[in-house]
Amino acid sequence: MAADGHWLTFLVLMLPFAGAAVAPFLVRSFGHNAAWLLALIPAFMFYHFTGFLSSVANGETVAAGYSWIPSLGVDFSWYIDGLSLTFALLITGIGALIVLYSGGYLKGHPHLGRFFSFILMFMGAMQGLVLADGFLTLFVFWELTSITSFLLIGFDHVREASRRAALQALIVTGLGGLSLLAGLLLIWNMTGLGSMSALLEAEGALREAPLYLAALLLVLGGAFTKSAQFPFHFWLPNAMEAPTPVSAYLHSATMVKAGVYLVMRLNPVMGDTVAWETILPVFGGTTLIVGTLLAVRQTDLKLMLAYTTVSSLGLLIMLTGFGSEKAAEAAVLYLVAHSMFKGALFMVAGGIDHETGTRDITKLGGIGRAMPITFAAAVLAAISMGGLPPFFGFLAKEEIYAGLWQGSGWSGLITLVAIVGNALMFAVGFAVALKPFTGPKVETPKHAHEGPILLWLGPLVLGLGGLLTALASPLSHRFISNPMASAVVGEPVEISISVVPHVGLPLLLSVMTIALGITAYLALARGREIMAGTLRTIGWGPDLGFDQAIGGTVRISSTVTRVVQSGRLDYYMTATFIALALALFVPMILFGELPALPDFPSLRFYEWTVLAIAFIGLGAVLHARDRLTAIVSLGIQGFAVALLFMLLGAPDLSFTQFMVETLSVVILALVMTRLRLSPTDHRPTGEKAGDIAIAAVCGATLGLMLLRVTQIPFDDTLSAFFAENSRAIAHGRNIVNVIIVDFRGLDTLGEIAVVMIAGLAILALVRIRAGKPADARKGGG
Amino acid sequence: MTLYLINILLALAWTAVTGSFSLANIVLGFVLGAGAIYLIREQVGSLGYFARAFRLTGLAALFLYELVLSAWRVAVLVLKPDMNLKPGIFAYPLRADRDFEITLLANLITLTPGTLSVDVSEDRKYLYVHAIDCSDVEALKRDIAQGFERKILEAFR
Amino acid sequence: MRTLIFRTIAPYLTSLMVLFSIFVLLRGHNEPGGGFIGGLIAASAFAIYGIACGVSPVRRALYFHPMAISGCGLLVSALSGLVSIFEEMPFLTGQWGVIEVLGVPVDISTVLFFDIGVYLVVVGSITSVALALEEREHA
Amino acid sequence: MTDGSTFRELAELIALAVLSGSFLLAVVRVVLGPSLPDRILGLDMLVSIAIGFIAVIGIRTGYTLYLDIAIALGLVGFLATVAFARFVLSRRYEEEFIAEDTRGIYGESEND
Amino acid sequence: MIDLLQNLLVGALLIIGAAFTFIATVGILRLPDLYTRMHAASKAGTLGAGLLLVALAIFAEDHATVTRALAAVVFLMLTAPISAHLLAKAAYEAGYRLWDRSVHDDMAGTGKDKPSDS
Amino acid sequence: MAVDPGKTVDLAHAMVMKPVAAADWLVVAPVVIPLVFGAVILMLRHETRMHASIAIAALVATLAANIGLLARVIETGPLVMTMGRWLPPFGISFAADALGASLALVATLVALVCAIYSLSDIGSIGRRYGFYTFMLLMMAGVGGAFLTGDIFNLYVWFEVFLISSFGLLVLGSEHRQLDGATKYAILNLVATTLFLTATAFLYGIFGTLNMADIARKVDGLRDTAPLMTLGVMYLLAFGMKAAAFPVNFWLPASYHTPRIVTAALFGGILTKVGVYALLRTLVMLFPPELALLSGLIAWVAGLTMVIGIMGALAQTDLRRALGFVVISGVGVMMAGLALGTGEGLSGTIFYAFHSMIVMAALYLLAGVMNGVGGSYSIRTLSGLYGAHPMLAAFALLLMLAAAGLPPASGLWPKVMLVRASLDAGYPWLAFTILATGLLTTLALGRVFILTIWRPRAEERLAAAVSPRLGYTVLAALSLPIVIMGLYPDPVIRVAQIAAGNLLDAAPYIGTVYPGGGGQ
Amino acid sequence: METALSATVGIFFAVAIYLMLSKHIIRILLGVAIFGNAVNLTIFTAGRVMREVPPIIPEALIAPDAATANPLPQALILTAIVISFSFFAFLLVLAFRAYQELGSDDTDTMRVAEPESEDLPPLGY
């Protein structure tokens, strides 16, 4: 990968993480004013990216990076085109405003430094996500956004709702992340292409790949969870537990758009298929309607905005997946507009909350006089949101209707969905922007007055941004909309729409939307009641479902674990030996590894006697009425084995076996001295039969295996070598002993280590007694 | 004890002189050494040494005899179709009072006919003996007193 | 179990058995036996001593803690394997030599020390177990 | 005519046969008990028989190296019996245990 | 001639030794109580094993074997009575009563048969 | 007749005549050093103050030897030493390839960190009754298992670390320990005994125990010998050691019972030895059998992952939950074994490195949490964030690592395994691996929010134990976790070399038998 | 001979496993001991069997002049015996201590590490 000249971009990619590292120290020195310093980081990044504007506007792209994991063929690489550049500018630009806003909003918070760290880390992750070229680069940043958002949502971790929301976001987006990873790896496997730029170049490769649909579903799993598409939308409103700067930044302007970004990014290579153009509009449209309906139900400013965000995300997905070039252009315009107006409105909501102590829209009114700048910012944003000229939102809305209406029934349905959704969003948007500020003054917990500059600068800039970008639409189209739309569509496109209304169907539809919106605005209180009633009737939703899923998972896990890990040794042993029986029996039968039929063994009478003694001993152990008899009987079989070894030319073995058997019995006797045991053990007959069956199968198969093994011609090279060299080189006549101390001395070294450790462990067992911290006796010396 | 050491030294000298360390040669050296000491018995006061050696030999012989005899009796008893047993434990009053003597006596009693040492009383005055035929306790006591116990006391005092 | 009869004879029996165990250890290279069996016999001897006369006399007789003896044994075995590093030979290569003791040539080898290490480990560990259990008995 | 080795070999076989029988009988005592000391006695007997067996095998095969095993067995078999005796002693006052343990031969079976 | 004598002696000792061993086992099967059985084991058993070892000693050619065989006999003689004593004492003190047709028991009432220590 | 054979026999027929450089001793150093120092510590029973320093010094030396060994193996290929100078296969060969050397290195690193943490976790009684001896001997056993080239010798080292782990497990004799140790000991004993039984059959078939020798003989015996049954026996025996479902019971029954530093040692190291043995036997010795077993092993892997993580979800006691997390990790490693491909195996090997460090760190983290929070129960443990933000940072990092999320080490092996699964036509295995990652996130995420974030109801307790030492060891373990997460390339390279050595045993065999023929 | 030993081994294994399936530790331990013997006999048989000729080189020879029993399995078994003895001793004492502390040798009743009635972990957040 070409590295030259791109180090600055790499630095910019890393810069927010460095900022995260120093943020706590800056806060320690400068308090909340550190925001000014820290805002320089995104500002610098923004500045860096503006440098790409002209070349990207000319249709150039930058794909660069460093070799990261060559052993896996993975690069750390980035790709700058209209799409990623726009996102990068939004992220850094809004990011700078958010940093400032945070300084005001969380002024005096004991963990402000930590907050800045988190938000900067998030910024780095989000920026990396949109710029990433390599799949794994993308995935890493994708997951980092989930993790940092977990930290940010849970920032106010003392509250249970915060913790719940944080975990919920982590799990839902984590689910999506893994789905995305699977999708990306599948794409990589199918096409051999591991980066976006490569994929974009080989345009048709993916669409024709055999598992296209699987890959699509997996990738969409990532996109839909991240972008809160129905039915995964529930985590987003809950994430409003986060401090408002987080809501404004992550949950409206940036992170939730990651899914939209992904869909847009893949549109040229995955779009234009029936699946794509069905799944996206259906889910997007549903999300749009559900989101707006739920938004109507809310009284909390942030929640109202959150649900309209859900709707907007649905709208974006619907537009991107619709399949027409115009719709894609509309998505681009709407995305930019939304980032500005929604970010502004969230900050306004936060400002109101900060200054009045409440966010409940029914408890707010008439504070416009006290907070004029905030009011202005709110109105600016709301107009854009309502799609009124001369704001950027208006351009977007015109383009939406131009893109969706194609005369067919399907497009009619989609257009209808868009109209209803837009109208409701219009209503909610203005409700947020007007209701608290206008009308009679309502008493609020805190006495409202205008906040400090840090609190109103951000919304005001963004509100004005919606106006300026629209007014200067040729410029914004040239540098922003066109390059981005080209990237989404996959070929150069030219957007011409401007603030000057063009008479036509789109304008008509816009007027319809506004009319419907005003109606809805006026009937908002009534609509709220209806929705509340409806939801009460349904009584269940994905949010509740999440709790049930978690609880259910834990419960099922617990049940399964209780069965599998029963805590009873005899179950464990039974399972183990059933496994052994199967492990021996099945392959032996399946692969024909049974022994040939042997001759009847010819043994000498005393050899038979020894075997008989062994069997009698075994029988006695089994039959023993009490354990003591069993122990003594154990001695018999050990004794018989020792005799057997003696008869089979193994004096050392016989010697050792005699000694060991005797000592075992001695230790048993010493140990058993203090044991008061019930004389018998009970094994129900059924259990007995099962145990006998298991034992018999294991025993029989092991015996058969041994017989089979001995029927193979034996290679005695090793023993011949030992016999030849035992005395000649190793100076010992007892070959067995020479093996033990010389040929295979290492075995013996390990063996005596075992003996030593066993002795020590037994000493520890005997001497250390629970609760009594010391070994009582001094006798240990 | 000193004489025993001298005897061993003589045996070693013998083997060194003859240049063979074989077992037979050592035994031969020991016997010859004993003979040499016997020659000078009056000068070195070794009468007790030999007397004790003879008594020990006598004890060993008695023991072997009794062992074979007892084994035989047990064999006969066991193989008889009708075992008319009158077993029991009796307390044998000890004359020996040194640990070593008591132990030796107890062991010898165990290895010999129909008797088996079970325990020594706390005050070491009595040896409890289980006899397989306890019909005449006094005769048993007499046998022990005049057999093993006497021989032991002779050998070690 | 500290009966007069047993107590009187146990020390002799113990020394006899220890002697026998060393015999078994030393001839292991040529005849059945070796460090492990020798160690077991010696440990049995100490166990008998302990049962007959109590644990303290055994501990006094051994002087070192049995587990220290065991550790020493492992060390001896491992070190005897390390000698060969000086001869540019692999771990556990037997080194043989003859030293003169009072004019008598005596074969010594690292292999012998290895076996002695085995012996010590076994004596130490098994004795430790036996004594610990026996001691608990009278606790 | 002969150096008597035929007789010796015959004697070896007889001894082995007799010892085999003894083994089985001793095992029967161990298995039957009825009391713990009876079983211990049986085990002790087994050791004695094994020592003899080793001697006979030594003669029969000419490998006298088994002798060391016999010596060790004698010594360690002793240890086993000592330990068992110790075990028996330690349980001395468990009336219930002894009552059950001895019922078979000292109690009912003799009287009934 | 020496060979013949040796073989005959070895053969005889083998048979006698084995026979004594067998008798001992019959004894421990037939005799009525633990204490009487111990007579069989400690006498006939020891003698049997001892004789077989002696047979080996006579059969063996080298001194080392002879010495060890005889040492084995000595060990046996040394340990057998002690284990008999310990087992008998332990059994008695543990409360294993004599055979009910025993005629004499001087140990009864010495305190050995009932709890004496705590 | 004085036989002085050394002069009359041509040693070259029996012995390696090439002098052995001192540097070649690197291959046994990881065994000999801990063994010797373990014995020395035992001899100094009462000098408990010296124990820790000796143990740490020994482990540092072992670590150095391991580093040297791995460097050499990577540079020049497998390194062999046949003990006693005997020609292979007559002597016991130690044969370090990238797999064994790298696993030994990571295990030693974990042990060293645990030894440092033990300074605060193990008192003088524990030391006196052998904590450090157990620990060092366990490491000797683990090192031996990783480095030996002889299958019976492998059994011996298994037993060495097994008995040492018994010692560690019972140290303290608490009730739970005794119960846990009983199950652990009996089930593990069954496993090693099965291993030994299989080895007996193997010896009966091959007439040799040297793994290189087996590898070169195996093709000639394929038609005549019951190798399938043998392979299944090894699978079962080592699967048990690795705690694979359905023979994983011993692990959750015991790992939560001993001192936390012991649990960390176990959780980090022990199961991986089982995984290693599976790789060594099945991949290197019985590849066609492995191919036939692939489907079965894949099922085992999947079930192990799922059962493991479900167990973790169901626990209240943090340590018990971690025991189940260990099991689920074993499932992930088994997945690579099932695939049997280069990428799958290198994923498994990388995952083993990762899992050793992360699981040890998680247990140590639990220990520190207990130290400052006074409990292992997620029901009562809470409010740690306020007083100990560093702890929260470590907890988060380790949670991410265990779940396989960036920027920690767990991501890459999972990526490799998922890719390999897709390649090998096991999409459901890939799915299971990923789903397990999600459930791990859930399980540990719950732990995180409950113990770290949830505020404490009552007044915060003063920390019973200073977490400083805990932070030190957590930092020491976090460093490799983050490095492996951000720059995994060197580790992947090692894992790939190791996997390559397994799949193509020729270099391994060639090093053990330099002449090509051998005998 | 191998046939008889294989059958013997099978019986040993069966008995051992049956005992190990018991609930009582002492019986399980007896099973473990027999298990060990079974494995030793397996190793022995797998190395093929030969009667009576011990692998010891006669004094007069430099190497055996006739076939002897296979020494390698014997050496392996020695190692295995020692190891299994060590484990047996440990398990025995462990069982003893467990009995002392937990008051039972029934594995069903000594469930301290994994108690029977464990409630669910907290389901909240």
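Each chain carries a letter (A, B, C, D, E, F and G) given by its place in the written order, and its residues are counted from 1.
Just so we're on the same page, a contact is a pair of C-beta atoms (placed from the backbone, for glycine too) under 8 Å apart; a residue touches a chain by one contact, two chains touch by 3 or more.
A quick note: this is a predicted structure, and the numbers were derived from the prediction, not measured.
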Identity of the chain that, by mean CA position, is farthest from subunit E: A
Chain located farthest away, centre of subunit F as origin (C-alpha): B
Interface with more contacting C-beta pairs, comparing C-E to A-F: A-F
Centre-of-Cα separation between subunit G and subunit C, whole angstrom: 25
Where subunit D and subunit E are represented by their mean Cα positions, the distance between them in whole Å: 10
Approximate Å spacing (C-alpha centroids) for the pair subunit B, subunit F: 65
Subunit C-subunit D separation of Cα centroids, rounded to whole Å: 29
Two or more partner chains touched - positions in subunit B: 106-107, 117, 119
Interface hub residues of subunit A, defined as touching at least two other chains: 160, 163, 167, 550, 554, 558, 562, 565, 567, 569, 573, 580, 647, 651-652, 655-656, 659-660, 662-663, 666-667, 670-674, 702, 706, 709-710, 714, 716, 718, 722, 724, 727-728, 731, 733-734, 740, 742-749, 751-763, 765-767, 769-770
Shared interface positions of subunit G, touching two or more other chains: 20, 28, 42, 45-48, 52, 54, 56, 59, 62, 72, 76, 78-79, 82-83, 86-87, 89-90, 93-95, 97, 101, 107, 111, 113-114, 118, 120-121, 125
Touching pairs among all chains present in the structure: A-C, A-D, A-F, A-G, B-C, B-E, C-D, C-E, C-F, C-G, D-E, D-G, F-G
For the subunit D and subunit C complex, residues of the former touching the latter: 65-66, 68-69, 71-72, 75-76, 78-79, 82-83, 85-86, 89-90
In the complex with subunit C, residue positions of subunit B that touch it: 99-100, 102-103, 106-107, 117, 119-120, 124
Subunit E residues within the subunit C interface of the complex: 75, 78-79, 82, 85-86, 89-90
Interfacial residue positions of subunit F with respect to subunit C in the complex: 6, 16, 19-22, 24-25, 28, 32, 35-36, 38-43, 45, 81-85, 91, 130, 133
Subunit A to subunit F touching residues, read off their complex: 68-72, 114, 136, 139-140, 143-144, 147, 150-151, 154, 157-158, 160, 163, 166-167, 170-171, 174-175, 177-179, 181-182, 185-186, 188-189, 214, 550, 553-554, 556-558, 560-562, 564-565, 567, 569, 571-573, 575-576, 579-580, 583-584, 586-588, 590-591, 593, 702, 705-706, 708-710, 712, 714-718, 721-722, 724-725, 727-729, 731, 742-747, 749-751, 753-754, 756-758, 760-761, 763-765, 767-770, 773-775
